[in-house]
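Report on one structure; see the data block that follows.
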Amino acid sequence: MNEQPIVFAEPRTPSSFALIRVLGLVALISGLLIVLVYQWTLPTITEQRRLALEQAVFQVIPGASRLASYVVNQDGVHAQNSGASGRALYAGYDADGNLIGIAAEGAAQGYADAVRLLYGYSPECQCVTGFRIVYSRETPGFGDKLETDPAFLANFEALDARLNAEGTALANAIVTVKHGTKTKPWQIDAISGATVSSKAAGKAIGDSAQVVIPAVHRHLKAEGQL
Amino acid sequence: MRPDLTQPITMDTFLRGIWRENPVFVALLGMCPVLAVTNTATNSLAMGVSTLFVLVCSNMLISMLRHFIPKQVRIATYIVIIATFVTMVDYILQAVSPTVYAALGAFIQLIVVNCIILGRAESYASKNPVLSTAVNSVGMGLGFTLALLMLGSVRELFGMGSLFGVSIFGDSFQPWLVMILPPGGFFVLGAWLLLFAWWRERNVRKAVVEEAVHAR
Amino acid sequence: MQGESLTFVFLNAAIINNFVLAMFLGICPFLGVSGKLKTASSMGAATTLVMLISSVSAYGLNVLLSSFEIEFLRLISYIAVIASAVQLVEMTMKKFSPGLFRALGIYLPLITTNCAVLGVALFQTAKEYDFLQAVAYSLGAGAGFTLALVLMAGLREKLELSTVPRIAQGAGLSLMLAGLLSLSFMGFAGLGG
C-alpha cells in the first residue's frame, strides 16, 4: 500500500531543533515540579514510614518502647549502614534500655502470592512471641484470617524456637500441622480451611528463624549486647 | 497550528462527562483501575480523586501550552506532562495517607496509562482554552469518580457488608466473598452496563409508544 | 522476592496471578481486540514483544536510577522507554510484516497505554527481581495476556452464532464472560503453595 500522507493546514514541518527545544523545555518543567514535590514530601514520608515500622515492631515485641535496626545474614549481625545485605532485623528495648526482643522479616509463597511478615522473638524465653502480616493477597475470608483467628494466634503466645546444643540451628524446626493435630510446642496449628496460608506463615517464620536466631545468639555471646 | 474550535462554556461542557459521555459506563475507558481498586468504597474514592487531580492539572497545562507544542511531538509531550503529575500524586498520597497508598499499590502509578487522560488531552485540551478545558476535565473526572464509587459501594456492601468501612448489615450477614475477589469486579461492572442498557431500551420503547399514541 | 525459581516466576505471572483476569491489567485491549481469534493472537504476540523489550530496558534503567539515587524519575523514564519500544516494534513490523501491521492498525500505538506493559516494569521493580527473573516475569505476563485474549476471542466467536437478548449485546455480556473466566482462573491459585 502506497500511503499518501494527508496534509491538513500544516504549512511546514518545524525543524528538529524546534522539536527538541519544546521537548527539552517540557522535560525541564516536569523535572522541576517533581523534584519540588519530592523534596517537599520527603520528610513526611520518611516520618510516616518510621512510625509504621515502629508500630509494627512494637506490636510483635510486647513492652518495647525503642528500636534499633540491623542487617542479619549467614555471617552474623551487622549495623544497618555497614553495606551488608541480608534480612532486616530490629532490636526492641524497654524504657530502661534492656533488650527484650528482636523482630525480623520472613517471606514464603502463600495461596495467591507471597506472604511477607514481621515476627517477634524473645531471647529470654527462646520463643517466637507474635507476628504481623506486612503483605499478603490471600483469599478474603480464608487466608486473611491469619492475623485475626484467635486459635491461630494462640500458637504464638510462646512458640518454641530453642537452639540446638551447638547453637547452629533451631533444635526443632518450626512446622505447621493440620488443624487440630498440634502436639509439640514448636508446631503451629493451621487454620481449618486455610492450611496453605497457615503453612506459608509458618514457613516464612521458620525459614527466617533458622538464619536469624542462631546469628543473634552468636552475636549476643560474642559482644554481650545488641 | 490548529485553530481554536472555541465553544462557549455551558452546563453541558461540565455535565456531559458525568452522564452522557461518562468515561466508564459509556466510553468504556480506563477499565484497569475501574476493576482493580474498586473492592471498597474508600479505595474507589481515593483512586477517583487522584485521577481527577491528574486529569485536571495535566489537561490545564496542556491547554496552556497548546499553541506551543508541535504536532509531531505532542503525544510524547502529553505523556511526560501526565507522568509528572502522577509522580506528584504518588508522593503526596504517600505523605498524606500511607494506608490508602498501600491499598492502591501500583495502581496510582498506573494512572499514567489511563486512556481517559490521554484521550481528553488529545481530543479536548489540545483544541480548547484553559477555562473550558478545566470545566470539561472536572466533569470527566467526577464522572469517573462517580462510576468508581458506584462499583466500589456495591462490591463493598455485598462483599463485606459495610460501606466506607462502616458495618451496614451487622454481624449476622454472610458476605458474598466473590464480590471483593477479581471476578466480582467483572460481574458488577457487567451488571451495571446491563442495567443501563435495559433502562435506555425502556426509554426508547416508551418514546415509541408515546409517539404512536400522539399520532392517533 | 529473591530466590524464586524462574519457572515459578513465569507461571505466577501467566496463570496464578494472570495479568488480565486477576490483576486487571490491559483490560482495554482485552475487551477491544478480542473479537477475532487471529487478531487476538497477533496482538498478544506484539504486546509480549513490547513487554520483553521494556522489561529489559526497565531493569537497566532502574539500576542506573538507583545508582544516582534519583528514583523519583522512575515513572517518567519507564513510560518514555515503553513509548519508544512500541515505536520500534511498529517500525520493524511495518518493514518486515506489512500485512500484520495493517491488521493490528490502531491497536499497535495503543500498546503504549496498555497498563499491562507499564505494570510489568513497575511490578518487577517492586518485587526486586534480578535480570533473569525479570525476563521470565515479562514473558509470563505476555503469555498470560495472550492466553486471556485468545480464550476470550474464542468465546466471543462462538457467541456470535447464538441469539442474545438485545440489552445484553456488547460490553455487558463480554464483562460477564470475563467474570466467569476470571472465576475459573482462581482455581489455579495455590499452585505455588
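As written, the chains take the letters A, B and C, and residue 1 is the first residue of each chain.
Keep in mind that, in the parts below, a contact is a pair of C-beta atoms (placed from the backbone, for glycine too) under 8 Å apart; a residue touches a chain by one contact, two chains touch by 3 or more.
It should be emphasised that the depicted structure is a prediction, and the values quoted were computed from it without experimental measurement.
When every chain is reduced to the mean of its C-alpha atoms, the one closest to the centre of the whole protein set is C. If you tally contacting C-beta pairs for each pair of chains, B-C comes out on top.
Chain geometry summary: the mean Cα position of chain B and that of chain C are 22 Å apart. In whole angstrom, the spacing between the mean C-alpha positions of chain A and chain C is 29.
Centroids of chain A and chain B (each the mean of its C-alpha atoms) stand 34 Å apart.
In chain C, the residues touching two or more other chains are 72, 76. Looking at chain B, residues 76, 80, 83-84, 87, 91, 181 sit in touch with two or more other chains. The residues of chain A that reach two or more other chains are 30, 34, 38, 139, listed in rising order.
On the chain A side of its complex with chain C, the touching residues are 1, 30-31, 34-35, 38, 107, 109-114, 116, 137, 139, 196, 199-200.
Those residues of chain A lying in contact with chain B across their complex are 9-10, 13-14, 18-19, 22-23, 26-27, 29-30, 33-34, 37-38, 41, 44-45, 48-49, 52, 139-141.
The touching residues of chain C, counted against chain A in their complex, run 1, 4, 8, 12, 16-17, 72-73, 76, 98, 102, 189-190, 192-193.
Put simply, chain C touches chain B in their complex at residues 21-28, 31, 72, 75-76, 79-80, 83, 110, 112-115, 117-119, 122-123, 126, 166-168, 170-176, 178-180, 182-183, 186.
Against chain C, in their complex, chain B makes its touches with residues 28-29, 31-36, 75-76, 79-80, 83-84, 86-87, 90-91, 106, 109-110, 112-115, 118, 178, 181-187, 189-191, 193-194, 197-198, 201.
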